[in-house]
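We call the chains A, B, C, D and E, going by the order they appear; numbering starts again at 1 in every chain.
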Amino acid sequence: MSPLATEPAHVATPGGVLLVLAVMLPVVAVLLMLALGPRWTRRIALATLAIGLLVTIAILAELLRTGEALTYVVGGWQPPLGIALRADGTSVAMLAMTALVIAATGCFGYAQQQLDPATSHGRAPTSFWILLMAVWSALNAIFVGEDLFNLYVALELLTFAAVPLVCLDGRAETMAAALRYLMFALLGSLLYLLGTALIYGSFGTLDISLLSQASAEGPVFPVALALMIAGLLAKAALFPLHLWLPPAHAGAPASASAVLSALVIKAPFFLILRLVLDVAPPQSAAFAGQFLAVLGAASILFCSVMALRQARLKLMIAYSTVAQIGYLFIVFPLASGSETLPPWGTIAWTGGALQLISHALAKAAMFLAAGAIAEAYGHDRISDLGGFGRALPISAAAFGLAGLSLMGIPPSGGFVAKCLLLTAAVIGGHPWLAATILAGGLLAGSYVFRVVDRALATPAIPLAPRKPIPRRLELAALVLAVAAVLLGLVPLQPFAFLQIGRPDSLTAVAP
Amino acid sequence: MSLLLDLALVAWLLALALYVTSARGDRDAIVAFIAFGLLLGLGWTRIAALDVALTEAAIGGGVTGMLLLRAEAHLRKRKPGGPSKGVVGKAVTAVACVMVTVGLMLVVLAFPSPAPTLAPAAAAALPATGLGNPVTAVLLAYRALDTLLEKVVLILALIGVWSLAPDGLWGGAPRLRPALVPEPLAYLAQMLPPFGVLIAVYMCWVGADAPGGTFQAGTVLAAMWLLVMLAGLSPEPETRGKALRLTLIAGPALFVAIGFLGFAMAGGFLSYPESIAKPLIVGIEAALTLSIAATLGLLVAGPAQMASGR
Amino acid sequence: MAATEAFTLVFVGAGAVLFLAGTLGLLRFPDTLSRLHALSKADNLGLGLVVVGLLPQCESVTGALKLVCVWLLAQLSAATASQLIAGAVYRRKPGP
Amino acid sequence: MNAAGLLLAAAILVPLIMAAACMSPGIRRHAPLLLAFAPIPALIAALFSPEGSFVLFPAPFRMTLLLDRPGAILLGGAALLWSAAGAFAAAYMGRKPATIRFAIWWLLTLAGSLGVFVVGDVVSFYLVYTLASLAAYGLIVHEQTASAHRAGVVYVVLALFSEAFLLLAFVMLAASHPDANPLIRDVVATLPASLLRNGIAALLILGFGLKMGLVPLHIWLPLAHPAAPMPASSVLSGVVVKAGVIGLIRFLPFEAGLPIWGSVLIAVGVVTAYYGVAIGVTQTRAKTILAYSTVSQMGLLAVLLGVGLDNADPAGTMFVAYYAVHHTLVKGALFLAVGILAATGGARLRPALLLTAILALSLGGMPLTSGALAKLATKPLLGYGILGDVMSLAGAGSTLLMLHFIVTVARDARQNPDMSAPPGQVLPWLVVAAASLIIPWSLYPAIAGESVQGLFQVEALWKLLWPMAVGWLAMLIVSRLPGLRGAVPEGDIVVLAKAGGAALDRLLLGVQQADAALRRWPVAGLGLLIIAALLAGTLMLGA
Amino acid sequence: MSVAALGPATLFGLCGAALAGIGLFVVITHSGLLRRIVGFNILGAGIFLVFGAVARRGAGAGFGGDPVPQALVITGIVVAFSATALAVALLQRLFDLTGRETLEAAQEHSPRSEA
């Protein structure tokens, strides 16, 4: 370990300050909201959304301008003693996705609260804004974190922000869902923490880039990684560890569900990705990747069927989330790379990243559309929604477009992602994965179709909303859905942008 | 001799933990857990971690125990839950847990020797912070970002707890004071707090150079505050109260502010200029102690149960 | 030196015996109030003896003061706790 | 980008722009009027764009358009039918709010179904193919009846399967190609040498066969065509099924040939041709009979494609396109005829019936009609062996089926009061009917390579007349069998799905129970430990 | 390895491993949520002890233990307490609303049932 101490593992880049801002800005907002009270909460939130978007854009611009990862060493204390923040291309893509979804969700939340001005300074709206900011901060911290323990704290921050979001409306079943979520997430966190302890015990550092250069001997490293990955799997709700997700994501208010389903479960996946690709020795990573892919495939098939069987719209979307998460895990064997080609140079890596982002956009759009529907009709029983497309054309369109992306129908980000994954499966000789991808697409088509069919139906008695829904409430969903579709226009080649700052990115060539 | 003591301590810890799995009632389990926490604090001193020992005793035995006992009292009228029925499932789980334990033990035994350590690095950097207690240096300088985020976690947990209040009561005050305050409790609440505050101030102050520090001090303060509220000597604060909220955020806000000032003074976020590092850190610690005390106290007090006065 | 050590040995030993007796009482006495009696007796007196026994071992006056403080605080809280428990028992079962 | 290229682009874009324009309320009100004009750019492109026109849209759109002769023939016929059926629809659907929705689906389907004839790269093909597939759902369920709904569900499920098969096939095709989105002709050239060629060919035939309605993947046709409104059935049966035909033309390697898969196509085609007739004659509804006739005709096309593939004969695709355009126009006109006849009575019934009969018998190959030309033109391809006779006999089957159809529509129209269909409907019908006669005549010399004089020789007439005679005879026998009518339900083997449905339900219930069990806390907790242990094991394996 | 050769670091590390196992058992098998929360705390304590063993093993530079893992444990204890507080508050609210303190009743509520 020690030879590395002589030569700093991280050299701060000028743009690194932006990473601190990305993490701390929402924290400042949380503190301000708490200090100034409910009357100011929403104004602070909207201002933070605007500034945060600007910061994200600045990070993106800086990354593109310099063509290398942004790095910051907090307090000037070099790892392993201190903590570094680092954003490579993939991280920045995550940051941008997060900012977009959070902003859209914020707009939806704002519009929804305007429907009922009497309670807009009440418990649920005020808590929502504070928690939303905390989620944002936690996500940013996770996407730029380099230190395993710092990531643990960020993960816990994320959990504590996400759990109260689930039970914001105060119904008993959402309390149960939140409690189940909290408990299982805690179990996951503790396993992760245990792994961290073991890693520190054998390497004396928690810095990811230092660990990636460490040579692993003996059983400690595999056991530690296994514990951490298993803990993160529990938080990512991969089948068969999805017990908490459907009730939690279906029970939460729509805007919260959108953030939870689109972003929150991506954070643990992102960390698994980093652990497998950056920390684990390549040989071990290959075997573990196979195992994760089996779970991912099971998740796709099993939970798609479950989504198909749901009577309630939000439960259906929630199960679909578990299924779609499965696609991310089948990336591991597909992006195994080779001597000349690192994993992040493969088309499967691009496909996986696109799947992650397009799912985030599409799923947020779906939940927001479902929120508008529930707002209009007071329920979300799919069978009783016949003809909702007439009253809520924008929501129906948003749902349909988002559905295209989930199904993998062109032109959409989901299509390009699945196309790339399928190609990787065919080239790499993984017929079962190819079959799974296709079957998942079919099942997704079926469950999306069930809803679209209801939207287009014209029942004898037209379905009248209980209150008028303003257009701006529906617009956020449409914007996200259109963004998911527009992603389909990105080039089919590996996204060079995603490889910025990855090790050896110079040797990465397009296949 | 000391090995014998260690072995006895470990045996007690394991016995209490096993008792928690098998105790009939939750209260018995919680009492066992409080004893467990105190013993664990003793255990931490055996492995030369005095700061942790103080924290563990204050938290594991103290505040967590109080929280759990209050919850148990709240849930008194329920049907007993108990372990799940399936014997086979339990047996399988037991086997799995034993395997996990054995695996972990093997890993613990397989740690590399000599052990990797950052102690020399921490010691070498200590002069730059002006501190004498390396744990405080890690918490407030080397890994200050962790500590800062952890404070946000604490505040967020509080916001989560508050958000659980029924809509009508939100912004109101939690209820700690029992219907009838026992005479001795009131007496204790008058006697103890001056000592407690003294100890807290002392702990916070020496934390820079000796075991102790902001979190331990904050916990003691919180305990004193809770005691006073329990005895009905001071009313429970309304969660909407401005002063309360300012106290809550004072520490983290100062932390963040000094962190950002670091850009101007020392060329980076959360870096302290070497000459005034120690006063800055002690200042942050003092503010944090207040905030932590308020946060911990309110976390134990729970969500609002009385409607706002206004 | 030997005298102080002997002093310490005697007093701490006596304290330990009291603790043992108190623990026995806690385990063997029939009802809550008598158990409480045994426990608080042993606690107060035993801890007092131990503290007194340790005083000569202190290297500084502050150390000795700390020990005394520990005893005083323990007294205070033990007495309060005993009162509270007794009160609770009394309220639950009115009458003898 | 040249003018021809712009025209091709307009063929796809104009309908899409019209659909988008329907978002504006002012345009939306007149949406039905757009339908007749939306295909006009495509029609002009088919007529005037030179063969081999090529246009490339650079990234990020990555679309290549390309018109070859088979494509132009099919595009022209399809655009004509779309235009006429659009005019028909404007008159037929009336000015109800639902009509606007119908118009939007119509425009989307139109863009997709015309697009498949002109796109040249793999991804764009998949895109427009999908557009046509999915948008057609809106046309099928438009009436919102229970049967329409059922047909829609069956259609969507099969369409999704088709998409899945094709996606895999395309990915396998393009996998070996350096370009991420290669031209179809480039990847098809590599197909015969590909290691995956059997898998690709099987998937292509499955995917496109589903769309064409080859047995046993035909079940959506007899369900969807009767359920859709009249003009929609017309384009579904006339054009949308041709997406499968053009797909096979584009993606199968006719230059190099794939003998095994050619034989498979021939076998499937023969079975389909006969099966469509056999089931069709038991049907009682005119539109269902027409749907089964389409199934049968698609079988004939499959045989032609199979022969082409077998012989490695790229010219065969020309014959296929010729036959297909004949079928497009005739079948389109016939569906419109059903609509006209339902609204016609009294004195005007007779001429209408007569024209309908001519059109119908054209499918059986009545001399002087387009059917006769198509059959004669494709004869050389089939050869004069047993296959030729089998196909001639299938022509007899077509005649039988069409006679059954004529009897059925005549019976249905007998009770009509004295009325006449509005001119807005009659005129488009007449246009399509006329086109179905004129276009094949005008194309015949170019396709068959001989002048039309040859058609009047006795030998040629005999070739056409004996199957017709056999068909008449068969009709005489069939009409004496009263038990036959309604013997087989619409969608025939979809009934089998009921039996499978119970098993599927059990499976789904099993999944639900497994989910409930796995989501119990102790099970999930134990699962977490087991997963951690397995992960540790796999990680140690590699260490 | 004889018992005498065990240093306190290893001994408490092993104790931590055992506590983690016991905590896991409580968490997984008990349906009563309060007990489960206690189980989480025991599991956490076990993990912190493993950290403590690591710290003790890293003694050096005049310190009795590596200060970094010790600081991590302090942070971890705070986080664990926050989690406990949040869980207890949720549990009390659940109890107030439904009168139960287990999640099992929510399990029976089948996914197809209406909202």
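By definition in this document, a contact is a pair of C-beta atoms (placed from the backbone, for glycine too) under 8 Å apart; a residue touches a chain by one contact, two chains touch by 3 or more.
Note that the coordinates shown come from a computational prediction; the quantities given were computed from them, not determined experimentally.
Common neighbours of chain A and chain C under the contact definition above: B.
At the far end from chain E, in terms of centres built from Cα atoms, lies D. With centres defined as mean CA coordinates, chain D is found 95 Å away from chain C.
Taking each chain's centre as the average of its CA atoms, chain B and chain E sit 14 Å apart. Taking the mean of the C-alpha atoms as each chain's centre, chain A and chain D sit 41 Å apart.
One simple way to say how far apart two chains are is to compare their mean CA positions; for chain A and chain E this gives 27 Å. Annotation for chain A: residues touching 2 or more other chains are 81, 149, 153, 156, 160, 163-164, 167, 175, 180, 183, 187, 194, 198, 201, 204, 219, 223, 246, 306, 309. Along chain B, residues 84, 89, 93, 97, 100, 103-104, 107-108, 111, 115-118, 122, 142-143, 146, 150, 153, 156-157, 160, 164 each make contact with two or more other chains. Residue positions of chain C touching 2 or more other chains: none. Taken pair by pair, the chains that touch are A-B, A-D, A-E, B-C, B-D, B-E, D-E. By the touch rule above, chain C contacts chain B in their complex via residues 69, 73, 76-77, 79-80, 83-84, 87.
Of all residues in chain E, those touching chain B in their complex are 1, 3-4, 6, 8-26, 28-35, 37-39, 41-42, 45, 48-50, 52-68, 70-75, 77-79, 81-86, 88-93, 95, 99-102, 104.
The touching residues of chain E, counted against chain A in their complex, run 20, 27, 33, 36, 40, 43-44, 47, 50-51, 53-54, 57-58, 66, 68-69, 72, 75-76, 79, 82-83, 86-87, 90-91, 93-94, 97-98, 103, 105-106, 109, 111-115.
Contact residues of chain E toward chain D in the complex are 24, 27-29, 31, 103-104, 107, 110-112. Residues 521-523, 525-526, 529-530, 532-533, 536 of chain D are the ones touching chain B in the complex.
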